[in-house]
Amino acid sequence: MSNPQIEIQLIASLVAISCAIPGVFLVLRKMALISDAISHSILPGIVLGFFITQDLNSPILIMLAAGTGIITVVLVERIQKTGLVKEDTAIGLVFPALFSIGVLLIAKNANDIHLDIDAVLLGELAFAPFDRFLLFGTDLGPKAGWVMGVILLITLVLLYLFFKELKVSTFDVGLSSALGFSPAILHYGLMSVSSITVVGAFDAVGAILVVALMIAPAATAYLLTSDLKKMLWLSVCFGVFAAIGGYWLAHWLDANIAGSITTILAVVFC
Amino acid sequence: MTQKIAIQVDDLTVAYNYKPVLWDIDLVIPQGVLMAIVGPNGAGKSTLIKAILGIIDPIAGSVAIYGKPYKKQRKLVAYVPQKGSVDWDFPTTALDVVMMGTYGSLGWIKRPGQREKKAALEALEKVDMLSFKNRQISQLSGGQQQRIFLARALVQNASIYFMDEPFQGVDASTEIAIINILKELRKAGKTVVVVHHDLQTVPEYFDWVTFLNVKKIATGAVKDIFNDDNLTKTYGINYKVAVNK
Amino acid sequence: MSITEYFNLIFSDYTLRNISLGTAVLGVICGMLGSFAVLRKQSLLGDAISHAALPGIALAFLITGGKDSNVLLLGALVSGLVGAFWIRGMISKTHLKSDTALGLILSLFFGFGMMLLTYIQKQPNANQAGLDKYLFGQAATLVESDVLLMIGVTGVALLVVLLFWKEFKLLLFDQDYTKTLGFNTKFIDILITFFIVLAIVIGLQTVGVVLMSAMLLAPAAAARQWTSSLAMMVFLAALIGGFSGVFGTAISATQNNLSTGPVIVLVASFFVVISFVFSPTRGLLFKQIRLIKNRRDLKLKKTLQFMYGIAQTHENIDHPHTIRILNNFQGFTKKSLRKMEENQWILLNKQQWSLTSKGFKEAQNLFNQQPQHE
């Protein structure tokens, strides 16, 4: 195995773990499709961020795009609260509109912006090792790896600290608020983590495959265990397995890595 | 009344959009009673409990638990929601659900330890569910799920218990087991407020009752006010019930 | 090109006519069938199905090696249907909820499809051009036969909807009840799902996998705000869908670098926003106005009730009381008292108020009416 090959598998695994953890809670909260909505509607945020920073891995871009993700969640909730349409309809209305704006922004500024619309959906994991993180002239590895590593670290710390709170507010919102754990804070916390993860992973695996990495491992694990902790562990294992297996499938077929990872996820689920 | 006041509700009015659900409720619940809230469907029984617990925002009025707002007295209160309000497919065990009752006193971030586990096991024993402690919650019967919910409230070690229709969809033996535990709580000086549907059992189970139908019709000791007059006022039709006697 | 030029060209220019007609017809069929999807709470089924269609296109291409668009659409139809029924199976046979099932099928099928597509693109002999358009849609590639196919499908769908109208309506409202009446609900259900999948598949070429769901949802969600009748809703949704198609095409044709699909979606979303805000019965604007008015009424009535309580203690209901007596009660202001006088509930006289007989009756009725509001 060459160095870039190892790096790609490492990044893919980091993405898989970072997605699997919030994914478990999204599935249990019946909010799996929110990840779909977020992954699409961050596009305008990414485009705007790219105008400003010209760097897909810049923290500013990530925060800006994650902000668009949160706006999506808020918009969906607002629309749902009016009682005019059901929640799923609200989701289905918000994200295509935001995604369209993003697509048009790219199309209108095709000359200034080197964002390939295909890459938005697919990601370009194969190119990730070319973008190096240089500090005082020393090569510290691929940038995408550092970005995902930091996101994963934050996710893990938050999960460790607030596991109990997340569990109770996912299981029983009423009890959670009666006990003094504001469901709203936990909800938006989870949404923020999910948004940041989606944005970070987006560059590597693309919009729709983020959804696969969030939902599929969690759903598979959900069918196999009735213990929340085991469910988290299993999801992480499935995610990593699919990441590495997918890489070699893509290598063998000479196809897109993200698509192959998803295919492995599908096989694991079946 | 020489008893201490556990819960005091003043002018409570709740409306969804513009439909009033609770209208100008004044209610005083003394400490140490086992009280039923009765009334027809849509009378606002569950809403009253939720408004007292701050789960729903009222448009007017105030609630005091032992003289202070609910937010400051949270630890004194335990709530048993309707069974249907949660997803029983959630991947967790009976013991774990009961442990959740201890989370409130733990506060943010701190994790439950041996002490919490012991308390949860004791509560499970009280509701006669100890042998089911490692059972996945979706595999429990309706009655067993209700017992788990009660155990979760017991573990909170509160002074006031609110229960939303605890007897809905449970078997007769569970109903008796639950009411016996509630009576024990009353003996220990706790206050228990139950949304109740079955008028027949009110005199047998409870010593205090509130008639509710958007407005408060009456509240007081069962022996004083549980009569045809109040039933008729609450349910609208002439209720020459087969109730007791 | 300006808008007027566009409308001149629409009749003479072959491509433009095809595109405009195609998007309009697509809007109509999506609006019509989307209404059923929205009312069945299957709004996102369209999203899942459109993504699920992708591997079908790729597989059809791999098997036949050609890019005859009808064969590709057949592949899309088959894999869309597989996805749709897999979702239903998953929901009924496992404890996975509908959102998870939808998300799974959506992302897994799509990922598999993407793998196949990239695999195809790397094949040296494959004539791969033209598969990309199914991702984001390229209305410009519509030719006359595509449009004719769309019109044909729409015609059949319309016929089926008219034929099974009663059954569809019943099923939407109450599935179990429909069964007790002796209808084969499974058949009706499959019929609706089949046509929804069909509508999605024929729209893929125009607006693409990603945005197809909005075509289905937005017109229906907008139409729902204006009417409570199913027939009217289906009709309006078809109309709004058609208009979105034409306007979207017009805007994108008159500007550089504006792809048709996203513009149509944004036009449809604009209709939704307008409907949400301005619909007279359900719209947010009027609802807010009514809400404020009702809250105020509610407060006034509380004050009135308080006055009623005081007045009851006197033999004459019109016995005057000082305003100061109300001070114990939070809910009165000079404005609210004046408002009550306007309603002829009370009479104000300097620092005194008295209840009128109308106000007395109103307060009495308040008492009796409350429960019936439920």
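In order of appearance the chains are A, B and C, and numbering begins at 1 in each one.
Please note the rule applied: a residue touches a chain if its C-beta (ideal position, glycine included) is under 8 Å from a C-beta of that chain, and two chains touch if they have at least 3 such contacts.
Predicted, not measured: the structure shown is a model, and the values here were computed from it.
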Centrality ranking, top chain (CA atoms only): C
Most widely separated chain from subunit A, with each centre as the mean of CA atoms: B
Chain pair showing more contacts of the two, B-C and A-C: A-C
Separation of mean Cα positions, subunit C and subunit B [Å, integer]: 40
Geometric centre distance via CA averages, subunit C-subunit A, whole Å: 27
Subunit C residues counted as touching two or more neighbouring chains: 95
Residues of subunit B whose C-beta touches two or more other chains: 138
Overlap residues in subunit A, where contacts from two or more other chains coincide: 30, 222
Subunit C partner contacts - residues on subunit B that touch it in the complex: 11, 13, 15, 17-21, 23-24, 40, 42-43, 59-60, 89, 138, 213-215, 236
Subunit C-facing residues of subunit A, complex: 27, 30-33, 35-36, 40, 79, 82, 84-86, 88-89, 91-93, 96-97, 99-101, 103-104, 107-108, 110, 117-118, 121-122, 208-209, 211-212, 214-216, 218-219, 222-223, 249-250, 253-256, 258-263, 265-266, 269
Complex interface listing, subunit C residues touching subunit B: 95, 290-291, 294-295, 297-299, 302, 305, 330-331, 367, 370-371, 373-374
Residue ranges of subunit C touching subunit A (in the complex, touch as defined): 38, 41-44, 46-47, 51, 94-97, 99-100, 102-104, 106-119, 122, 132, 135-136, 210-211, 213-214, 216-218, 221, 224-225, 257-259, 261-263, 265-266, 269, 272, 276, 282, 284, 287
Residue ranges of subunit A in contact with subunit B within the complex: 28, 30, 161-165, 167-168, 170-172, 174-175, 177-181, 222, 225-228, 230-231
